[in-house]
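My structure is below; once you've seen it, I'll send some questions.
To keep things simple, chains are lettered A, B and C as they appear, and every chain counts its residues starting from 1.
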Amino acid sequence: MSLPRYLGRKAAWYLGALLVAILLNFLLPRLIPGNPVDTIVSSLSRGGVEGSQLHAIHAHYVHEFGLDKPLWQQFVVYLGHLAHGDLGVSFAQSPATVQGLIGQALPWSIALQLPAILLGWLVGNVLGALAAYRGGWFDRGAFLGSLFTSSMPYYCVAILLLYLLAVVIPVLPPSGGYSFGNSPELSAAFVSDALTHYWLPFLSLVIVFVGGQAVGMRSMAVYELGSDYVNYDRGLGLRDRTIIRYIFRNAMLPQVTGLALSIGTLVGGALITEIVFSYPGVGTLLFTAISQNDYPVVTGLTLLIAVAVLVANFCVEIAYGIIDPRIRASSRGER
Amino acid sequence: MSAARFSARFYVAAGIVAAVLLFGLVAPLVFRTHQVGDVVGGLYDHPSAHAWLGTDNLGHDVFTNLMYGTRTSLLIGLVAGAIATLLGVAVGTLAGYRGGAVEEGLMGFTNVILAIPSIVVLVLISIALGTRSTLTLAVVLAVTSWPWTARAVRAQASSVRTREHLDVARLSGAGTFSLICYDVVPYMLSYICMAFVLQVSGAVLNEAALSMLGLGPSGGVSLGIMLHWALAWESVRTGAWWAFVPPTLLLTLLAFALLMLQSSLDELFNPRLRRHARRRRTARPAALPLPVERPVPEGAAE
Amino acid sequence: MSDTAPAAPLVRARGLRAAYRSQRGSDVVAVDDVSLELSGGQVLGIAGESGSGKSTLAAVLSLTARPPLSVLGGELTIDGEQLDLSGGRRPPRTWRGSVVSLLPQGAMNSLSATTRVGDLAVDVVRAHRGRVRRADALDLLTDRLDALDLPRRVVDSYPHQLSGGMRQRVVTVLSTLLDPKLLIADEPTSALDVSTQRALTELLRELLHRGLVGGIVFVTHDLPVLRAVADRIAIMYAGQLVEVGDTAGLIDDPRHPYTAALLASVLVPEPQIRTRRVGGIAGAPPDLAAPPTGCRFHPRCSLATDVCAEQSPPLLGTIGAGYSTCWWRAEHPDEPLEARL
């Protein structure tokens, strides 16, 4: 199969998956027993709004969300809005738009996770490679430690770290992205304040990520160490460091894939870490939206999470198709 | 080569899992001083002889909550794990054994579900459901997690399919269903066993994550719900460790033990993973093993 | 050819012993007191059943033994330079590749999938000759390819872009790039079809003829291949050499019952052998963790007597010229074995 055809097939496939994701986002919230508008209006009625006003509000919302039209028309309207980047208006924080709320939260999430993922990936791979190469007690210690931190649910790491480093030994602030009373701006005072709030959630993410990467890298490297080409290269008298370079070049490929895929989970990967630290990112926004039955915000976020993952996976497959000679070979049927 | 022997790691892991199971299933029958929902004290009372692990934000006994919470979490984990494994094995075996259009269709479907992050589907379904019983939640978790197993089992099944004993069974006139049950599935039992362990641990952790987002089982207590309330009522920042440390440790312990159980089973069934296992002369797989998270549509490679 | 064995052979190995350490701590001695000699310009074939220890011997000779295999003892002299293998001493890295080189089994997996042939060649040259310019190292490779009528395009190829036979020949060129004195070929032909087998054995002969390789130890289970390529053949059984001799002499008149049985189990389309009955060898190779006492072949030998089970057989002949180890032969020096089987 030629490269363009390979790319075409992948693109078509991922478009299909995207469509399914959009459909789920559209349909499932509309299955809520007695649609979302009823829920909002009934919560308003508890707030003491009068009956005639309630009817007017109800009618207004039903019209605004297009609930009086047939389902397929609603879907067309929904798609049209999506195409313009319009995710609707928040129920709970009306008139704030969903895209506006997400736009505020997303930078915090990315700033928190991107460095954590990169650093964790780097440290984890070095650790795993060293463990495989050195063997012995270092291997056993590093492997068990990594297995433990990587099998620990990431939110448990977050909770325990928060308790240890902000409450038992209060060296770091326990919550938020910046101090209460401060407001986001580009000043030295704010940045340093934000940084002190940054370390704790950052650390909790790095620890988990290092463990997972180290376990993966170690098993790849152990597998490569036992392979025939290592034996042959030794038989040719190659230096150890040359052989190690070969091993890591082979073992790295899946690890790089792993890195690209984790960047795809950037949006939805650490929702609960943010909740634990009340960090003003996507996770906290989702948490609040769920507790307030703010469906437009919830579905906006789920759609964003799905799209991010799909795009990352798609990019990885494309990159694989172009870079890895073995994949290209197998797709041409040379094997 | 020694015969099939369990490693020390296996016994440690199995011991921890058994202890947690015992705690969740038997302890509620033994310690019956308090019932779930009984108010036995005030906001975050310290541990005492009356309430061994203190009280939570509503004045409920944390120890009682912990027992019943463990029970709920285990129940969800086991039920969801069983359903997901069953679904995955059924779809995977059928696809792998039948091949052709059946395989293309089933695996295409599986891969689409795999491509969409499960947290998205979980959140959407949970919201759509409104109220969620323990069992409903287990089913929802199972519905989003079976594709892993299906894809892995399909690969196994299609390799079993080409073995000679199946030709013999086919020639002796066995039907497809009995072939799959008696001649295909038994060869994958070790694999299915490991998949089940992974599914259970995944379901327990996903339940906790959903509960912490506020989408846990309604009207009950689980380890995740305990954490949800502990976080919402600032127990961590006020230093009420008894409200959040026990469920955190229990979840960690359970997750670690299940993973260790799985990896020691894997080592037992695939001796090649052992370090310094003797070099085998067989050819290695064509491409490097890709991480399982990678949603590659099966049909696209041909 | 070999009856004019020179006073100082190219390769001289004495008392090689190597064992696999099992997890329970017990050793499986897979090569037990093996001594051999090889003259310059010659091919010594080593034949045996699987499990006879021949691949282990190849690992020991090529200095590539690694855990769980460990070399317990022995002495290797190549072209006057002596190497003591006893006591877990690690052989110098620079010996591998330039003094002794390995031609491995299964060229498919012997090349790292993400490394081009040319890059590997550069690394090989640099590993032995220090800082060499990349272009100079590549020249060495292309000159060698030209000399052996192999296409230059392989320099820029990844392993998967080469056919199986080409890959094996490229590996051969890489193994002999630094003109090693001794090449250990470990079943290089077993994964190839007959015509590529022939191309490879011709390539090896060519390398010997041009003096690019000092001598070759060719390990295989395939007697017909050895017949075509080897000057001398050593037969290995249960970790020991039971017979060494000229190819023609050994095949026409085997001195050891095991050699005779091994020959009888092979189909050879030669007129004088056509009448021979093809037979298997009764029994199974012994467990090397607990080898039989006395002669290791005695439980499967139709000529065995009491002494065979009790004492190790004598060495009849010399290590340099050829020998067999057999009690029966000691008493019947001139009787042909074929009739007795």
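Note that a residue touches a chain if its C-beta (ideal position, glycine included) is under 8 Å from a C-beta of that chain, and two chains touch if they have at least 3 such contacts.
Predicted model only: the values in this text are computed from it and were never measured.
Engineer: Taking each chain's centre as the mean of its Cα atoms, which chain lies farthest from subunit A?
Structural biologist: C
Engineer: For which pair of chains is the number of C-beta contacts greatest?
Structural biologist: A-B
Engineer: Measure off the straight-line distance from the CA centroid of subunit A to the CA centroid of subunit C, and report it in whole Å.
Structural biologist: 56
Engineer: Could you grab the centroid distance between subunit A and subunit B? Build each centroid from C-alpha atoms only and quote it in angstrom.
Structural biologist: Going by mean C-alpha positions, subunit A sits 21 Å from subunit B.
Engineer: How big is the gap, in whole Å, between where the Cα atoms of subunit B centre and where those of subunit C centre?
Structural biologist: Subunit B and subunit C have C-alpha centres separated by 52 Å.
Engineer: For subunit A, which residues are shared contacts with two or more other chains?
Structural biologist: 227-228, 231, 250, 253, 326, 335
Engineer: Which positions in subunit B are in touch with at least two other chains?
Structural biologist: 284
Engineer: Could you check subunit C for residues that touch two or more other chains and list them?
Structural biologist: 106, 109
Engineer: List the residues on subunit A that touch subunit B in their complex, please.
Structural biologist: 6, 9-10, 13-14, 16-17, 20-21, 24-25, 28-29, 31-33, 135, 147-148, 151-153, 155-156, 159-160, 162-163, 166-168, 174-175, 216, 219-220, 222, 226-228, 231, 250, 253-254, 257-258, 261, 265, 268, 271-272, 275-276, 286-287, 290-291, 295, 298-299, 302-303, 305-306, 309-310, 313, 316-317, 324, 326-327, 330-331, 335
Engineer: Could you list, by residue number, the parts of subunit A that touch subunit C in their complex?
Structural biologist: Touching subunit C from subunit A are residues 227-229, 231-239, 242, 246, 249-250, 253, 325-326, 329, 334-335.
Engineer: What part of subunit B is in contact with subunit A in the complex they form?
Structural biologist: That would be residues 111-112, 115-117, 119-121, 123-125, 127-128, 130, 205, 208-209, 212-215, 227, 231, 236-237, 239, 241, 244-245, 248, 251-252, 255-256, 259-260, 263, 273, 275, 277, 279, 284, 286-291, 293-297, 300-301 of subunit B.
Engineer: Quick check: in the complex, which residue numbers of subunit C touch subunit A?
Structural biologist: Within the complex, subunit C contacts subunit A at residues 62-64, 66, 93-98, 101-102, 104, 106, 109-115, 120, 123-124, 127-128, 158, 160-161, 171, 174-175.
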